[in-house]
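Heads up, the next two complexes both have subunit A, just with different partners, subunit B and then subunit C.
What follows is the complex of A and B.
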């Protein structure tokens, strides 16, 4: 499969998931009859309602954290290239250190700190925003290294030398000449960051339970964690739809990212 | 060798630094009296906890280790609050051994998967089956350890053993390593020495094993440190949800959920994980030095000059 075909397929998958979940939110609960997958054992809610709610929560976490982490990475990369020298080295080394620590290890440690703060009544942040913020705090490092390398290679182009020789400052060269060319690459990084973030959030929610991501309104990972023990009794009726949607969400974003990156590499 | 020694010194520094930072973070968080302690009339628990942790001492971050390994006032265990379990040296040692068994097996399985995947793709290059294998990295990426755990729970009877857990953890990292190795092997198979060997009548498999693989191994070894972190994250999941055994990863997660009751366990566990990752990274670098033919010949040239 060519990256272009993968990208189109990825976008079709994402569009289908989006239309399905929006359609369910608009008309699904008004339709006669129950959700085809029935209700979740021990709860009043239907499998459809909780699965789509989990999908929205996972997608929102991924898009918000992925977007914020990419923007933070872009800002730091521009700052590093603008300052150069020791500042750039320090920022890149810092990113390498953050990148080398496992995400899940840090997120579990943050959950530990948050529990202590919450127990002491000194944290009034919802689990959703805490998770989103934590994912941004650890998610900027890998994109920043990649964007710095990209900016560095773009700055070696002839038109940059021409702009410099005409008197353009380093900041102007970066913002006016280099950044527009780096845009597709940054978009690809964002599209890769979204599934990575969803995977990390789901893994941590699966480990720590729904409390890690948003209380009773759980993400897909937390929903699966709460209900996977029902597999032996109900088969895939309860967690099957969540597993499928999770898979499609990750594959859709990943393939879309691959297509955009292939396009960015050509420019 | 000089580079290795420099890296050894730099990386080993990460271990005490992690111990210090995690400890400082933990003792600066607000400590409160838990309900259980209150009901037993224990006053001023937070103060006692700070004193126990050595929060105001310069070398306080060594206190959990002193407790475990027999310095002053040590009792060989990490105390906790309320009814949470206390961990002694033997118990933590067993837990660590269990985790290392799962992690070591997972790394071994991942390397086997990588060799099989990359070898199959190079040998099948251009055929329809290769096109199908091309999709495998995306599928493996979209099936993290917790999803595989759920599938194993459904389909495998008696899945709660170390080998099954390691296999669950190794799938994603193995396919990732395979993709890295495949790229390196493909490049090596296009080099003149490989083409000459093929022209002389050697089979594709022979060229792959005898010539290309040793030159592609450094790329594989470079990818092992990030894979070790993925295996670590996966091992948390399988230890807690599949094995349901008190291995080190499961203890770490449980301690996080218990909050201040097990601060010392958190400090010890986080530092141990940092040490494991540093040691895996150094081992990969050492093996790279031994197996990389280009670096060996460069070192020999340097020695001769």
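What follows is the complex of A and C.
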């Protein structure tokens, strides 16, 4: 499969998932008959309602965290390249330190710190926003290093040399000449960050039960974690749709990212 | 002799490389007067472009030594802000490859407008009018429409004209043209040469032409400096240097240029060997490993600069007898 075909397929998958979930939200509850997958054992809610709700939770977490992490990485990379010298070295070294620490360790540390603050009455943050913020905190480091390297290679282009020969400042060179060409690369990073973030959140939800939210507002990962034991009783009826949507979400974003990455590599 | 616009004195340009420092330009001395054209010739790797770009201090990581005096002011002592004011407004540069020198993400009109916005603080309709006038001046037909084109939508010749328009936008006093005809085909080369000649005549701009084409130097320049392995080995008025070269390297370059009236089928002459690795230069004269006239002294002592007269000099122990091999 060519990257372009993969990209289109990825977008089609994401569009179908989106249309399906929006369609269910609009008319699903009013349709005659129950959800074909029935209800979740021990709960009043249907599998369809909780699965689609989980999808929105996971997608929102992925898009918000992935977007914020990518923007933070881009801002820091631009700052590093604009300042250069010691500032750039310090920022890149900082990113390397954050990158070298296991994500789960940082997430557990943040969750632990948040719990202590919450217990002390000094923090009033919902699990969703806490998880989103935590994912941003771990998600900026690798993209920042990649964007810095991309900016460096674009700055070596002859048109940058030509712009400087006309009197452009370093900041102007970065913003006017380099950034427009770095956009596809940054978009590709964002599209790769989204499934990575969804996977991380789901892993944490599954392993630690500390996901974006719990109860009826569970993310896909948390929903699977809460119900995976039903596999022994009901087979894939309860968690199967969630696993499928989870898979489609990851594959859709990943393939879209691959297509944009291929385009970025051509510039 | 009038006051010099640009004086380069014992310039050294050194780059740090993983294999150690590389001195691309070693003790270059040049002088350019207002309104005159100086050709800087030499093979690839001789240090011509490094010298030219050093005038504008474009290499951020290069170590520069000596002096580059612009109207008497040493640019190597100027701060970055002063250099930015100078770039594009007083000294402008045209690069070799018009495709890679233009930003593929911006329309050419916007790129020509860049120096106007930076130095003249023009904006809006005034910029557009100036851009269209500049495009017409460099011979770009239908400037209003062409200004909206992206670089890939233009031919090589038009792209090179766009670069020249960008360089001339703020009326600089010196134009550094780094192999401006290398990346375009022969018919376009002639047009670009004619354009540069016309612009020089009309505006009185001084030109520093970097090239390996001695024919181009003969057509455009008043003076010429020949570079080899980071050193300037001969300078002088074009007619004198091309008519009767003193340095064997200059003579070799002249001999290796194909002539229209030469014997068809005859083998072109060449300078044997290649430019030496600048990190492992031969002892004595840098050209001795390729020079047919090299003698023992050339292998041990590096020749010093010898001034023949106020305008002419060379760096050779045994200069040619003014007849040259041609």
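Observations on the structure shown:
The rule we apply is simple: the second predicted complex is superposed on the first by the 260 of 267 C-alpha atoms of A that agree within 3 Å, B and C clash if a C-alpha of one lies under 4 Å from a C-alpha of the other, contacts with A are read in each partner's own complex, and residues count from 1 in each chain.
The definition used in the following text is that a residue touches a chain if its C-beta (ideal position, glycine included) is under 8 Å from a C-beta of that chain, and two chains touch if they have at least 3 such contacts.
The shown structure was predicted, so the numbers you read here are calculated from the model rather than taken from an experiment.
Partner contacting the larger number of subunit A residues, of subunit B and subunit C: B. Applying the stated contact rule after C-alpha superposition, one finds that A:266 touches neither subunit B nor subunit C. Of the two partner chains placed by the overlay, neither subunit B nor subunit C lies in contact with A:30. In the superposition on chain A, A:181 contacts subunit C only, with no contact to subunit B. For subunit A in complex with subunit B, the touching residues are 1, 100-105, 108-109, 111-113, 115-117, 119-120, 122, 195, 199, 202-203, 206-208, 221, 224-225, 228-229, 231-232, 235-236, 239, 243, 246-247, 250-251, 254-255.
By the touch criterion given at the top, residues 22, 25-26, 29-32, 34, 131, 134-135, 138-139, 141-147, 150, 153-154, 225, 229-230, 232-233, 236-237, 240-241, 252-253, 255-257, 259-260, 266, 270, 273-274, 277 of subunit B touch subunit A in their complex. Taken together, the subunit C residues at the contact with subunit A in this complex read 53, 56, 58, 84-89, 92-93, 95, 97, 100-106, 114-115, 118-119, 163, 166-167, 169. For subunit A in complex with subunit C, the residues that touch the partner chain are 157-159, 161-169, 172, 176-177, 180-181, 267.
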